[in-house]
Structure formats: structure tokens, C-alpha cells
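For clarity, chains are labelled A, B and C in written order, and residue numbers in each chain start from 1.
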Amino acid sequence: MASTRSTLQPPLEKHSATTLEQRYFVSAQLFAREQQEIFARSWLLAGHVNDIPNPGDYFLANVAGESLIIVRDATADVRACYNVCRHRGTRICENESGSVRILQCPYHNWSYGLDGRLLAAPHMDEVTGFSKDEYSLAQVNVGVWEGFIFVSLEPDQLPLSDWFAPLTGKFSPWNLARLNCVRRITYDVRANWKLIFQNYSECYHCPGVHPALSKLTPYDSAENDLCEGPFLGGFMPIRRGHSLTLSGNASARPVGDVPSEYNHRVLYYSIFPNMLLSMHPDYVMVHQVWPRATDRTLIFCDWLFHPNAAGSSNYNPEDAIEFWDMTNKQDWHVCELSQQGIASRAYKPGPYSSRESIPAAWDREYLRHMS
Amino acid sequence: MASTRSTLQPPLEKHSATTLEQRYFVSAQLFAREQQEIFARSWLLAGHVNDIPNPGDYFLANVAGESLIIVRDATADVRACYNVCRHRGTRICENESGSVRILQCPYHNWSYGLDGRLLAAPHMDEVTGFSKDEYSLAQVNVGVWEGFIFVSLEPDQLPLSDWFAPLTGKFSPWNLARLNCVRRITYDVRANWKLIFQNYSECYHCPGVHPALSKLTPYDSAENDLCEGPFLGGFMPIRRGHSLTLSGNASARPVGDVPSEYNHRVLYYSIFPNMLLSMHPDYVMVHQVWPRATDRTLIFCDWLFHPNAAGSSNYNPEDAIEFWDMTNKQDWHVCELSQQGIASRAYKPGPYSSRESIPAAWDREYLRHMS
Amino acid sequence: MASTRSTLQPPLEKHSATTLEQRYFVSAQLFAREQQEIFARSWLLAGHVNDIPNPGDYFLANVAGESLIIVRDATADVRACYNVCRHRGTRICENESGSVRILQCPYHNWSYGLDGRLLAAPHMDEVTGFSKDEYSLAQVNVGVWEGFIFVSLEPDQLPLSDWFAPLTGKFSPWNLARLNCVRRITYDVRANWKLIFQNYSECYHCPGVHPALSKLTPYDSAENDLCEGPFLGGFMPIRRGHSLTLSGNASARPVGDVPSEYNHRVLYYSIFPNMLLSMHPDYVMVHQVWPRATDRTLIFCDWLFHPNAAGSSNYNPEDAIEFWDMTNKQDWHVCELSQQGIASRAYKPGPYSSRESIPAAWDREYLRHMS
């Protein structure tokens, strides 16, 4: 479906590259179409395998308006099902995460196994023709890539491995599957979700918006190697001897076993349509981007560290978390200012600069899904 | 219009009885149609005659989006009119209840009698052709059944006595008309109003949802005698020597003069479309159910006691009120969980159990009104 | 477009004068049409020249959903432009008012002159065919009448001087252009904007709503000299030796050099569609009326005094401000009560009294714009 080109140089900026038309940011109809055409049909990042290490561990995900239960079943497989009892439609799990032996509806005590099969339903044996086999919880596709759990509401979904084939092995040195999430911060941003991606995809804004970041990584130093399609991004050099933290020091032992030139690089990749993957030498930051309305986006930002990070003498995760919490908020603020202005009758698509080839490519990928 | 069958046995559950389709819980169009076809056309519970004992006593009711003034007039009749001045449309009464001599608009001091006739309108005699007779407050049908005040926005309404003919005399031993409301608690529930009725109409949920209630009335002991039509319900036995209170003791002297077998019974009846009537030996609980949106319902719960209850040594109304406040909240919570799940694309009408014949009958009555 | 008739007697009230139909107060479609046909096409009061005395001084105005920057440019002219960057649509100014040298977008540092011309856009010289000349900020018509700043989103707008031709010289003795705003109070009123104008245009409501005001100006003493068209109003006598203040004393030295008979008069004029101008001997009160929804209006109320008022011994602006803040709130409250009642199915247009000829004239002007 999408092809990736490997090059360290950005492509020549076409003169005609401009921002998206207003309607893509303000139309409720187009928002509904995005939810249906993109979010109900794509593989979507929902969490990490180490969030649910043991059988019965679960967390809830809210996908395209749906509450899903993501659970590790008795055979240690990760499964996903709708959080909707087959009796009278009641939510089965209320807590955002937890550990259970069975999935029991709180209303009339219908009980399901971790695999979704109906195990017990009081008094239903008195109903002629009722068969438990017909009332399993509705299942949802689930897959794991590099330790990250993806779900898809689309029943006829491409296997996740096919979806991620262009990236096979690319991030293996970072050992993403063994990392542990140390912190999640949730942001409620009054801006369209696409503005979050466009913001992430360029550092043209860094001088004005991120003075601290700009001291550690020169804003015009990005070298992109994925320049078209659903996976976009590249790396930026980090000042020698520094890390992207408040103090500038490394916040933990290295997460992976990376080629030496990556000891001073941060990698930024967007994974269409809801993942931002930022790999530092000492930690990994992952954003989940969840559209809630034309002008509202929920963002979960997770910080992952080496599983044995806590044992190293330089371990200081707050140094990294606070640095990016500050930087995130700077980004969300300008996204919100853009959302406000784009809604104006004076807004017209504006010209992308030579430093905004990746936002332009992201827009093209988006339009391919919407056409 | 509706017939009632008197039987102590629930009818055979049809195999095909399932919950309502999703659209009845989430469609704004169907909500508007319910308001028009059901709430603007039915007799609706609005209060009790003892809430306004004296001429000039009034309370406001919000019916299908309309503010109504329910007032006892100079001849001691109960009347109802729209709370809308005929001059410039201003609300006349602002307080939820009170006592007045006349109904005077606060804007330009137009004054109406308790019967709604325009008495005075400053400077209007200077307007050619103006006649006070043409500017009475718009009247609304009102009636009293067993002491409860009902209103109807439908001008061509069936008399209330015809409406309640199937129940004539049935509840006379409880002396409902002489009881006094001791407490009202208002609940704002994030669930469709029909879920409130379905919840009230079965005790299949009691083991999981109401542990305290289940100890006092066995969940599977209901004996229904009204099983089809707008009036549905029956009784459940109460453990000998107990009452439905926190302590288990009676909270007041008996409300009525009931046959001895009713000394240990609680009667639960739903009166379509907005009344739940729960008669205990020592008190009566009445719910008014007011739909506000597809996913929001306002509920007024009143506790009524014998007019001389305060004089009896065992009088402890809080014991009953707190018991049911706790139980009410348990119910509203599972109704809210159902509302959330029913909105899912995974929801399909589910099979009612053998213990849910009354919810199924209520659904049939509802669909008759909507067809 | 509109003609004004000069007469000290109100015209004969036509028997048929009634309030507007319900739809004008509740229909979202009609609200959108008002915004387009009236607020996007008229000259609208936005502020006063003395709010931005020096080059670079600016304030924001929210007009028909648009954020505008009203700024005094380098040549001391007042200018207005959309607050929308031509690059990616971002809001340029965030603070409601301030002083700047250039207009710089906070996102990517595109910089504009006070006249809106694009001065600098980093890296855009690398984009083939890009010309700064094509990316000025979108301009908005602006004009000044008696010191008040008016804006218009309509590109083909009549000059402001033509608009106000019928009032040329009428208010010159009040020296409005030299006054200073001492206080602004913002009111968020849950009522349709037209109810604000109808309320302002009659004192028939004063006996019931404004007991303090009625003592200082008899409610039935209004003498109107503008009785048809976009400018409506006249004067009311003030009790000799008094002022419209809490204490009844003058709150400052006279604002103007008015004919002696005006030393005991307050002038009330409505300027269609968003200005209320109330001229007292000792201060001037100006309301800006901004519709936000069918049932919500934002009102800015400014109190202006003589530029040297602070030097006079009787200077006590709070005495006037608190008097009218109290009176304003009394008015907004009955407007809110009217909004509620007008939404009822029982509402029908009601008869205007002989004291409500100006509201009736205002309605006619409104309907001319909507036809």
C-alpha cells in the first residue's frame, strides 16, 4: 500500500506544497469520515506488552468511540474484545486497568473467560433455544510489533507483520519489546489531531517554540530517511556528551545496543495514524494520538526505559520526563493557536517551507486514505 | 387502550424476547419523537396534592421542555398553566415552589389570577382593541389520582379517571392521598430513561447489584399480577419481622390499612411513562422519571409517610431514605454502564432471561406508543 | 438605507405591533443568518481610539466568530486585520491587548509590520516562486466615528461617515472622542441579543425591575427623537440636582459642553446592530452587544469620563459604575427569563404597549435586514 524510500536528503520541495484545506480541521462530517476510513480500518497503537505481563492483566483502550478490553489470556496471548456484555449491553470492566480471573458483567453476573467465551449466565438455561456458544464477547484484531500492542476494528485486516514489513528489523537494536513504561502523562489538547502530526514532523518551529531543545539539537539538522508513506521521519544529532533531559545528562543506561553513531542521535518517526516514536540513546518516548473531535485530541505520552534501568547509578527518569513534558506543552500550545486561526474565514492553505517536507508528505498520506 | 391480566404467575417467556435495538437509546431523532409521542401526549406524574395544601401554593414542573406552574387556586382546585407571560414571553415564577396571591410577571408587572386570567396590564388600555380576556395564561390539563397530581400537554386528553380505570380501587388500602412527602432526592443519571424502567422491572440484577436488599427480599420471589400494558408489576415478600431500611426495622407506623398478608410485602409498580410506585408497609417511595437527553435522565425520588408518622415512637424516616438512596445509586450506576455499552457498534439486542418478563412487557408497551 | 425622523413625540402605536416570532430567538439557522446578513455586513463598534493611543498599541475584537487585531500603525492610523498567520493559520496575538513593534507569529516566527505586510519568513526564500508581497495579513475595514472604532468584515462597505451621516454633529457637544474609558465590565448573558436591545429601548419595565433608577428618572418621561431606522432613542429627565449614581451625586466634572437643558438629562440611543450609547452629564456608558448563540450574548460595558476627570474634587467613578452594574444585572436577569419563556410552545407574539414604540421600531429595522 505504501512504499518507503531510503535517502538521507530531503526531496526537492515542490512549489505547490501547501497546508490542508480548512474543512479537514473543522468539518464534523470529515471527522466522522476519518474515524470510519482511518481509525476504524487501521492498526492502532494501544499499549505495550509489558503493561500486561501476566495472564488476567488487562487495560482498556478507547478506539474510535469504542471501549476495548486488551487482556493477556490464560495461554499468555494478548487478546482484545469489545467491553460490551452480550446480555443487555453493559460495560464489563470499569477500571482503566487491572487483573482478573474472569470477565464478569457487574449487572447480572454473566461471566466470560479471558478468551471471551461465555462461561455462565444465570437462569438462561430456562430460555428455550439459548446456547452459550452464541454469546461470546465480540473479538477485535490484535497484534504485537516490537513489543507494542496494536488493535484494529477492521475484521478483514492485513496481518500486522505485513503492515510493518517496510520497517522489519529497522529498530531491532533498540530492543523496544523489553522496555518498561515508567510514566504516562495524558494531555487533552484543543486542536485537531492532524496538527499534532504536522507539528511533530518538523523542527522549523523549534527556534521560536523550544529554546531549551534547540540548544541540544540544532533545529535545521534533521536527516530524514523515510520521506513518503505511512512511516515518516529520521534522526537529529544531539550535542556530544549531552542527552535530551533538563540537566543535559543521560537519564539512564542505554536502552539498546545501537551502532556507535546513534549514541548521539535522537530518532523521530511517525507511524500512521496514531503513533509517534521518539528513540533516544537512554529512553524511548511514545505518543498515542486519539482524535476526540475536530478540535480536540487526547494524547497519551509514555516514557520507556531499560528493564534494569533502576539499577544504574545515573538513573533519573524525571530528568527526561520533565524535559519532554515541558516541550510537549510548548507544542500543544501552538497547535491550539493554529486550530483557532484555521477556523477563520481568512484562512487559506499556506505555503510549506523547505523545512516542512515531512508535514507535506504526511498530508499526502492522509489524503490518500481519505480519497 | 391497554388491558391488564390478573395472574400471580409470570407468562411463559417467548424465546424471541430481546432487548430493544440500539437506536432507541442513542438517536436524537427518536428521543424527540418520544418527547412528542409519549411525553407530550400522556398523563405524567408531577407531584402530590399535599405538596400544595393551601390556595396560592404552587410548584413548577418541567415537562417535555416546558415549565409549568401547578397551583392550588382560590377554590382549592389544582390547576396547571404554562409559565410564560402573554406580553413578552417572560417566565412568571422563578422559584421551584412557593406561595402567592397572584401570578405577577417580574418584567412589566402584568398580573394574573391563580386561575390564569389576566387581571392587570399597565398602559395596555391605551392600545386600541386590546382586551384582557384574550390574554389568559395558557392552561394545561391536570388531574388527581390517589392523591398524585398528573398533568398532560395534550389538549384532547382522555380524563385521568379513564386512564387509571384498570387500577380503580386497587391501591385504596394504602391511603396514598393522605400521605406526606418527607423527603425528595434528585438524581441526574447519565442513562436513557428506558433503562431506568427496565432496571426497576426485574430483580435478576439484585444478587450482584444490591447485596443488602437481597438479604431482605429474595431476588427470585417476585409475583407479578400486572404483566402487560401501561401498568406493570406485583409484589415481593419481605423477611418476617423486617422492613426495607438500613436497620431492618420498620421506620414508621403503617401507611394504610392493608390486608394482613401485605404486612410483609413490598409492591412495585411502574405507571407508564414516568412513574415508579413502591409501596412498603411503613412508607411509600415514588420516582418521577424525566428524560432530558438520549443519555440523560432526571429522577425525583420522594418518600411519603403517614400524616401522623412523626408522632409514633418508631419514626425514623432516614432509616428508609438512606436504604433506598444507597439502592437507587447502585441501580443508576449499572444503568449508566449499560448506556455506555449499548452505544457500541458491538451492541446487539440480547436475550431476556426468564426473570425479565416485565422488562420485556414494558418494551412492548413502549413500542406500541412509538409505532 | 434608513431614514430618521426628528420629533419629540412618539408615533402613534399601531394596533398590530407585537413582539417577534419565536423562531427569531431559538433557531440556530436564523442565528447563522443574522451573523452573515447583519454582523458580517454592518459596521460594528469595537472600541475607542483612546484605548490604543500610541503606535503598536492593539486590542483584539471577536467579530462574528473572527479574532481581529485592531492596531495603531506607525503613521498613527487605526488598522484592523485578521489574527491569522498566512503560513499555517496560527493566531498571531494571544493577549487581549498590548503593545508591539511588529506582529510576529509565535509558531515559526513569520513577522508582519503593523500595516500587515509580511516582513520576514525564515527559509521561505528557498521556496521557488515564493513572494512576500503575496502574504500580507488579511485586512478588515476600519473607521472612527466620534472617537469610537468601528470595523466591518464586508469588503465593499459603505464609508463609515456615510453610515453615520444622519447623526452628523448631533453628539458633538459631548466631546466623545476625547473621553477615556475608566472601566470595562463583561457580562455573559443567557439570552438572545435582540432581547438586550428590546430591553434597552423602553422604560416600561423600570417600575418593577429598577426601583433605584425609577426614583431618579420617572419611567414614563422618555422623549424620543429618533423613532425609526438604525438609530433609535431620545432622552429622559434626571431629577434636579441628581445624577445616575448610587449616591445620587455627580461622579465627575461634565464630559462635554452641552446646552444647559442637557445638564439634567440622560440620553439613550441604540446604534444598530451592536452599540448602546448612554450619555449622562458626568459620564458616558457604552455597551457592545456580541451575539454568541441563540441564547447567549456577551456584553462589554465601558464607562468613559472626561480626560481630566481624575483632577476634579467630586471624582468618584465607582459611584456611577456600581449604579449601572446593579441596573445592568437587573436587566440581564429579566432578559434571561424572557429567553426561557419564549422557547415555550405556549409562546405567541404578544402585544406591545404604548410605552414600547421604540422596541417595535427596532424590530422593524431588524426585519428589514433579515428580509
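Everything that follows uses one rule, which is that contacts are C-beta pairs under 8 Å (C-beta built on N, C-alpha and C of every residue); 3 or more make two chains touch, one makes a residue touch a chain.
Since the model is a prediction, treat every value here as computed from it, not as a measurement.
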Query raised in the report: So what angle, to the nearest 5 degrees, turns chain A so that its CA atoms land on those of chain B?
Result: 120
Query - Homomeric contact chain B-chain C: same or different residue positions, threshold half - result: different
Query raised in the report: How many Å are there between the centre of chain B and the centre of chain C, using C-alpha atoms for each centre?
Result: 48
Requested in this report: For chain C, jot down the residues that touch at least 2 other chains.
Outcome: none
Requested in this report: Provide the residue numbers of chain C that touch chain A in the complex, in ascending order.
Outcome: 65-67, 82-92, 94, 106-109, 121-124, 126-130, 135, 138, 153
Report task. Using the touch definition up top, name the residues of chain B that touch chain A in the complex. Result -> 13, 15, 19, 198, 204-205, 207-209, 334, 337-338, 340-348, 350-355
